[in-house]
């Protein structure tokens, strides 16, 4: 019952660079705080910032066979997203697979499991977010699905969704909602620039966000230190 | 019942640079191995080394409102110390709050929770020790206390205590005990310089610390490898 | 009943540089996927890559006395391997012990516990793999064994075994099996070079490894995306 | 943007008892090993075994307001499924909420967070699967969604899906796929009864499953113990 | 610098039974949600419910010597509270120490570390809350403090404070604040009885707590399920 | 290179009952505090107490094929010990395998991974110590070794070693050292009986173990509580 879905619709790639620049925290806010992967996914070197369409891949614990299958489905600009069917920290991915992905123009890997050869991956400047670094090898025995909907580190990801990853982690933006999220993110960033300037000039968030009244209403009291 | 205590007494700031130079491990020893925060607090970039007076801040899980309140209580040379009332890895703190703290001369943040925008925080060179990096946003709904005694990552911290943080972690030194701790730390460092020279010259710790007798007395035996 | 075994047989040091160059992942594969330490052992800075003969050391929780004893048993080219008799994250090892080991030509430390002074250790360029970074000090009260067989982070290590450690973690190669493992590792690397070139040129792993037939036989289906 | 979806379609309740009797492990297999919640969800007492339609509820960290909203959407035979928008171990649920759910005929609670009053919940015989037991209270400030699709402990759950929970954990079965899964589960159980009898009579799985040939083909060797 | 403080003031013991009956969750609420130990402290058998004055004891990792010292300071009605100076899961406490405490009328043990002999402790009906069960033994080499202020599982505890522990965990109530906390807890319980009756009769929390207006004001929308 | 070693030498079975009665904590002490498995191995129900000769089994992550092979090697009185080659929490073992083991007279299972069907295993009274309970199924694709030396939860285990498991965890006693360990354990228990009686009568450990002098010598001070 394992399937590989081919020719998936991608997220509009012309927005990938902008997504990477906006960053995970901003896009996550702009999307209504949805789609964030769990904090265990960390970049193997820093700083890192990418965005691209998800090619999804389910693997059995300790078995990276389907990654080889998924590589063929990847195109330039894609992000390969790999999730094990049960928790596993084995090193599913190393420099040979990265060479193959880089040859196809894939912009990075997100995997809720382990990777290895991280020194070489770092030299190659191949971006990876993983749940572990572990040299343990894997077998090639069990089928899984490629380009079906998955859950990766707690986030629901459909093939073709926009994946954005940076030093703060990984967020998925639904392909069809991307335009709206980008619109809100741009506004947010514009506002933040203004806010940053005011805060840098010494204005307090308490005043800029007009918080004092509501704090008092909730009952916050100020008192001098004794002594 | 939430309070903000204003005008707390600070630790003597003239000793902050010396504390940062002495470092967490040495000061922790000089204080009788007390006051160390749990190992889960890690710097977001390295190397890092700061010291300053604690402004303490209690926050509800998933709610960073009180950090905005605490900012106003911070002065140049302070370290903001934030602890959630129950464990939470959300990203309570990002580049806007860092901009505000930097504008006030705050030397760093210690938080037993998550932070975000770590790439920007790193570019800004704003020192942060946190329990997690996570893009998850927070709300602004629940009051908490500022500048009351707290427990942060297992360590008891009073407002105005000296906080020292470096690549080894975070230690708190009681404001009034600082002079004595510094005295012992200076002696310790002086001794260590001598020891370092002797060890670098090849002398064994077994001899330098005169351990052989006590080891033998406890029953340690030496035997040649068979084979 | 604590013993220190002296003059252990070492692994052939002329192969240490080659082991370090081959790396943990490759050697682990060449050894039949045995001997890997758990993923919790991580280098304190990166990149790092060493190899040398194990001097083993068992320590009580919160007690680093035996490390001082073990130092004397270390020679140039050795790797000191320390394991607590029950889990402990205390900072067993700092810059003074590193100075002593460096003076003896020891190439690195592997410890399934905590270390401290990591900023200085990094400046000194002394390679360390540890399970934690924690400033907590230790006492000197309880005996343990030096150069007896141990389990470290789940791997069985005999004194004199070859320890190889890099950014992927730590692997142990039995002293007497080293020649065979090296032979297989060299073959593996040679093959990988060829494979890397083919993958970089765009050939798919599916074809290079001839996987398509077996995938079909197991029942893998391809289908066009709907929409 | 928070919504409560009313009058959701339920899974066919006439199959709930059968689902509970078949159990999580069997149904998970019958569904192709999909839909299992992470192992951190554990029953607060044992043995326990329930099944019913999911009413889903998203809550903010440290905030149980929406559980009160979700209660109204629950009917007899339902299972309330609560997931925090970021990880939180607070005690969201206690004996008063359980009283309310029991009054409505709800058969149990699944929550990827903490609960409290577990002694009383046990006396009341109200079935709960949770990620933690923790007395920490929550606030009522932030909206969330009720009866929208959620991810709970890594499993994708739609409102109205069949939730089955027992001592092995929690599995979700898609409402519309239930008939097929039940069919396969019944067959599986029937087969298992036969197998159990044969195994109890001393037949080996190696023979019953006819594994010897394939093991030999893969290269398994038998050898007498030396000595 | 290790001290044993003798003849500490106790919390009023006439309230211990009432505290145990009120329970951890209720008293924690009545105290303004302060003083709760981390969720890792769990009872070794259930149900359990005790209350008594804290005798505090600091121990080194892997060293239970000071527990023997602390036993002498315990009186009938006390709860022994043990915290290691750094995290340790060793089995500090077994049936012999329990026999000694039981002989003195001590009502239970709270320890942020491991215990052993749990089958015997269960038979003896000696209540224990611990962070781990682990047979690993400890040594008797290092001094620590008895009856000084400590942090145990994140909670600040002074000797003589009232410790209350049940199936929900452990809470500390400051000796001098006990009267007020009890007063609020009694009121809370009385209110809860009424609420429980109303909820059991089918009244919704949404109505009983009058939440509908504020939910609407915050923007909660109700919509019929499609389909 | 996978092998099954047949006809291993067993530990003397006439001592199994005595080992189970002596218990894990006592035998671990009598063996010089060696051979204890990590605390993550817990019994699936309590109380439990067994002892028998180890049949060892290595399995790939997510693959229980070799357990079927190992069953054939088990005899009456054995304990099956299963360890994955990398960490895995999948449910490797359920009621069918337990039926088979029970039919052969196997006294229990120790597994550093997950099990399922725990309600049925409990009804069957089949003793299991595992690192997890998880319904996730496994495949049958990859060979491993049976009755070769393994590391299980950090402990080195040779086939035929005596495994003792109870509510405190799991300990391994080397087959050939069993007589000596038993001798010391019996002495220890005899001493403990006397000590228990004296402690129950109110004698203090401080006096019984004659600790006061050494405590004073190390510098312990007693002081009256102020107030």
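The chains carry the letters A, B, C, D, E and F, assigned in the order they are written, with residues numbered from 1 in each.
Heads up, the rule we're going with is that a residue touches a chain if its C-beta (ideal position, glycine included) is under 8 Å from a C-beta of that chain, and two chains touch if they have at least 3 such contacts.
No experiment lies behind these values; they were computed from the predicted model shown.
Touch-path distance (fewest steps) from chain D to chain F is 1.
Shared contact partners of chain A and chain C comprise B, F. Same interface as D-F, judged by over half of the contact pairs sharing residue numbers, among the pairs A-F, A-C or C-F: A-C. Separating the centre of chain B from that of chain E, both taken as means of CA atoms, is a distance of 28 Å. Chain E has its Cα centroid 40 Å from the Cα centroid of chain A. Multi-chain contact residues of chain F, defined as those touching 2 or more other chains: 1, 33, 36, 85-87, 89, 134, 136. Pairs of chains that satisfy the touch definition comprise A-B, A-C, A-D, A-F, B-C, B-D, B-E, C-E, C-F, D-E, D-F, E-F. Touching chain D in their complex are the following residues of chain F: 1-9, 65, 68-69, 71-72, 89, 91, 94-97, 99-100, 102-104, 114, 116-119, 122, 132-137, 140, 143, 147, 159. Of all residues in chain A, only 23-25, 28-29, 33, 36, 39, 42, 46-47, 49, 166-169, 171, 192, 195-196, 199-202, 204-206, 209, 211, 215, 218-225, 227 touch chain B in the complex they form. For chain B in complex with chain E, the residues that touch the partner chain are 1, 32-33, 36, 38, 85-87, 149, 151, 154-156. Contacts from chain A toward chain F in the complex involve residues 60-63, 85-90, 134, 136, 139, 141-142.
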